[in-house]
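Consider the two complexes below, in which chain A is the common component and chain B and chain C are the respective partners.
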Partner chain A sequence: MKLHTILRAEFSLVYGEIFRRKSALAAMIIYPYLFAGFTLFFGYTIGSPQLFIERVGVEPTIFMITASNIVMSIITAVDDVLWRPLHDMYVGTLPYIIASPINKLELFIAIPIPRLSLLLMTGFTSIAPIYTLYYGMNGIVLALAIISLIALGALTMSTLGIVIAGLIHTIGESWRILNIVRPLIMVLLGAYYPRMFMPLSAYIVSFLIPSSHVVETIHRILLGSIDNLYLFPILAIILAFTYIPGSRRSLLYWEKKKVSEGVKTY
Partner chain B sequence: MLRLIRRAYAVFKSYALSDLVRSKGFIYGFISFSIWIVLFMSPLTLFIDQTADPQTVAAYGFTAILIFMFYGAATWDWAAELRWMINDGRLEYYIVSGSGFLPHYLGILPISLIWLAMTMLFNYVVLSILWGPPLLVFTDITMLVYGFILLLINLVAYALILGGTVVSSGVSGFVIEILGFILPVATGGLTPLSKLPRPLQTFALLTPFSYPAEMLRYSILGWTPIMDVWQLIVRGILSALVFLLISLAYFRYQLKKILKEGVRVTALW
Partner chain C sequence: MDDAIIVRDLVKRYRVKKKTGLFRSHIEVIEALRGVSFTVNYGEVVGLLGPNGAGKTTTIKILATLLLPDSGEAYVAGYNVVKEASEIRKRIGIMLTVEKGFYGKLTGRENLEYFAALYGLDGRRSRERINYLIKLLELDKLGADYKLLEEFSLGMKARLSLARALLSDAPILLLDEPTLGLDPPSARRIRELVKDLAHREGKAVLYTTHNMFEAELVCDRILLINRGTIVVEGTPHELKMRIPKLRVVTVSIRGEGGSIHQILDTLGTKYEVKTEENGIYSVRIHAEKPEDIFNDVMKKLIANSFEIISARIEEPTLEDVFIYFSEGSL
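== the complex of A and B ==
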């Protein structure tokens, strides 16, 4: 089965579900505003926007709406590949997937792409209006650039996401592990709390996450600091490719474990 | 009565063993909770003056997280539990067996409370490591007890309304999650009412949630409430009782409705 066939199947599955469940679609549009609003609300009551601008160099509303969209989109690459084996186990389709001749790496690369495409569209309902409000028509161009970078960030995350998913599902199969991995990646991405403020140990771990370099690129663009800007996305792409052998191997371990031990029933 | 206690104990034992012991729910939960605290608090520090007392910031965070966790328990442990019961077929079993939901909820309530107590301990420890021990002053213990009782009454009432809506309309997890975010903010649960913008302040005061939150902030942090303490208590008690009565009537109505029409089963989250 070719990658585009898998993608077509995944797209039909996700889009069919999303358009059937309008509340999920509405939630996707609301979430970036919700997360940004939540942080801004607290920030304003506990401190002041001026202090934020002095420290970070970006208007807090712009920073937080961008951060929310970044986190939602990039985390999809990890979230979907972590959830899918569990979901397939719950609904009983996992044995069929293990038994099928499909290339598992291609399947796992394809899994997050449909939802990612939807999330990128929410950039036009969250980032674009806010940027336009602050920067006028230039805001639309900036929003397009940022949304493209977020797409790159999410795609470069997929190989590391597969490494993590394969290893986690080989070790254990609890959804509870997801609740650890998900916020941990959110912290280390540096979207809400820029990398430059992180302690050295966190910075080093963050450096190993491909998307964190794209996040830094976005922050630098918002700051207007564009020197050597291209280096960070290149670094992200190189790192993403570095994780490909690891992702293939971790899926192989997972598959072997399922074949030797069998699929647990829920 | 003895049968009720036996049933509740059976629920408690099975939940404690499966959720907390067998699947190591406590361990995973606490690690996850600690990381969420870091995620929540770290961007907030960017808004704060660097000369501000870190212990005061930690105390502010501690109280906000405490109230948010209580709302979370009402939303996910109590109200959304009805959804999982529908999906597993347990809801119909409880109705048919004639036992009702009371033993089930009496069984899971101690687990929720143990979890909340433990998370508060973790909350304190994590914030102490990051910013220093939260500056809790405990100005009025009686008020603290009143505040907690009122908060629990309000949350039970809220869970009954949300749960009633879940069983009768099949509200999706997305809607519940969004509500879980907005409600504590809009009703003054997380920030002192005096710091809210005027329209939001008025709205918060129209809801029963704002009064126990002000009581807790006054008793733990020593922050002056928006109104006289006695007025706060009287208004808080009255609104909580009215809210509880309305929610009980609403839940009973929704139960009657599903007995006639059946439950709305939703296959997905």
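== the complex of A and C ==
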């Protein structure tokens, strides 16, 4: 089975769903601003931009709009694989997916890519204008580099996302568990809460998340600290590949559990 | 003929957690299948006929590798359903619930394209197959190319569901109540097509239904399943012939009813008399060989001044067969 065949199918499915639901499309464009606006508002009420720059080293607007985009894109990679089995169960397509000869790992790797590609486009409506405002024309180049890194961060997250999704659905198929896992990942990514401020235990867990290294790369670029910068994305890619056997096994456990219980056919 | 499906002593028990109090619960065991055995050959439609909860869907789910049996063996296309599920999945087309199982925001064609990709069909091959199936099931006339699935009627969904089952041109089809809730034209179209697929293309079809009329129309062989057990199997004709004294002489007569019972008691067989309006009686006489008593009954009725309005010999229906074998009597 060819990955591009599955990808094309996923693109048609996700694009069909999003472009025919105008509210979903509008939300996707507005969310980075909403996220950034909310955090900036919250930040300004308890501190000052100056204090933020002193502590973090980056202009808060730039930091927050970047963080919002990072979180939206990377969490999407996890979210899509976490929610998809539940969604397919609700709409009744799960038995057809399980009973098809498709390689489930390839399918799950393909699942987040279409929505991710759309989210990356929102980088041009959120990151790029803000960067241009602050950095002039150089901001466009910087925005392109950051958007590319966000894409890498999201892609490297998919294998760990599959491991988590498979295990969660094996343990108990519940959106409640998903709602606990998502914010944890959001925090440990280090997008809003840079790793340099994390306690050691959180830092260690964060280190195991491939995307967190890409996030650190982005932060370092924004801070202008570019020594050995290439090491972090490489580490992220290596970690992502390390999770492949785990993700395959995790999906196998999930499928076995579903089949032993009996896939609901309604 | 090769066996496409072999099922031997299949047993499946569901463990259902029942709440008995705020913190208390107990596990209730429901025996869905109690040693089911049968075979399905290529080129035939085999009907799994039974009431709700008889074990039809459980059987289909096990064969479709969507459920594990507790014991027994099942082989589809020569592969074991437990150990070789991935091989089976390449060789089956399934049709489960008609109402659900598609993506609502995609058109009929887009849905088929998605599921074709799951079966590894790509590009031209996928397009050609989908075009063929859309025409075959007359989905083009119903707007499957531009209508979103959420706008589909149940009949359209059923046709689309069958099209999906046929996408990979699998040699074995597992169809679970494919005409449930459909309008007569859609149900007829699906029945005709299923028969064609088996008889012309040599596919093996396992077809579950609780509709006796439909089973008789579609199936070459019928397995009557009740409470997880196959109670009887055979062609529709064989099944009817296996019921003793189930052929019926039905006579509609007009006259003085007092002597009817005296006449019929002399036959020494089971009968029923129903009174209708204007002194008309409907009489049903059960007999193994109704031809033998037909003339005798007519003569006696006429001799007793009864006017014969109509008289015919009725074959038992599949419903009679089902009731006889599942409940032991009519």
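The rule we apply is simple: the second predicted complex is superposed on the first by the 262 of 266 C-alpha atoms of A that agree within 3 Å, B and C clash if a C-alpha of one lies under 4 Å from a C-alpha of the other, contacts with A are read in each partner's own complex, and residues count from 1 in each chain.
To be clear about the criterion, a residue touches a chain if its C-beta (ideal position, glycine included) is under 8 Å from a C-beta of that chain, and two chains touch if they have at least 3 such contacts.
As the structure is a prediction and not an experimental result, all values here were calculated from the model.
Peer 1: Which partner does A:Ile180 contact after superposing on A: first (chain B), second (chain C), both, neither?
Peer 2: After superposing on A, A:Ile180 lies in contact with chain B but is clear of chain C.
Peer 1: Tell me the contact category for A:Arg21 with respect to chain B and chain C: first, second, both or neither.
Peer 2: Both partners.
Peer 1: Where does A:Ile97 make contact in the superposed view: on chain B (first), on chain C (second), on both, or on neither?
Peer 2: Only chain C is touched by A:Ile97; chain B is not.
Peer 1: Looking at the overlay, does A:Phe241 come into contact with chain B only (first), chain C only (second), both, or neither?
Peer 2: neither
Peer 1: Examine A:Ser12 and indicate which partner it touches, taking first as chain B and second as chain C; both and neither are also allowed.
Peer 2: second
Peer 1: More chain A residues touched by chain B or by chain C?
Peer 2: On the superposition, B touches more of the residues of chain A.
Peer 1: Just chain B (first), just chain C (second), both, or neither: which does A:Pro60 touch?
Peer 2: first
Peer 1: Quick one: is A:Tyr192 in contact with chain B, with chain C, with both, or with neither? Answer first, second, both or neither.
Peer 2: So A:Tyr192 only meets chain B here.
Peer 1: Do any residues of chain A touch both chain B and chain C, and if so, which are they?
Peer 2: Shared contact residues on chain A: 17, 21.
Peer 1: Under the touch definition given earlier, write down the residues of chain A that touch chain B in their complex.
Peer 2: Chain A residues touching chain B: 17, 21, 23-24, 26-27, 30-31, 34, 37-39, 41-49, 51-52, 55-56, 60, 64, 67, 174, 176-177, 179-180, 183-184, 186-187, 192-193, 197.
Peer 1: Quick one: which bits of chain A touch chain C in the complex? Just the residue numbers, please.
Peer 2: 1-2, 4-6, 8-9, 12-13, 16-17, 20-21, 91-93, 95-102, 107, 259-260, 262-263, 265-266
Peer 1: Tell me, which parts of chain C touch chain A in their complex?
Peer 2: Those residues of chain C that touch chain A are 14, 57-58, 61, 64-68, 85-86, 89-90, 92, 94, 96-97, 99-107, 110, 113-122, 148, 164, 176.
Peer 1: List the residues on chain B that touch chain A in their complex, please.
Peer 2: Within the complex, chain B touches chain A at residues 23-25, 28-29, 31-32, 35-36, 38-39, 42-44, 46-49, 52, 57, 60, 64, 172, 174-175, 177-178, 181-182, 185, 190-192, 195-196, 268.
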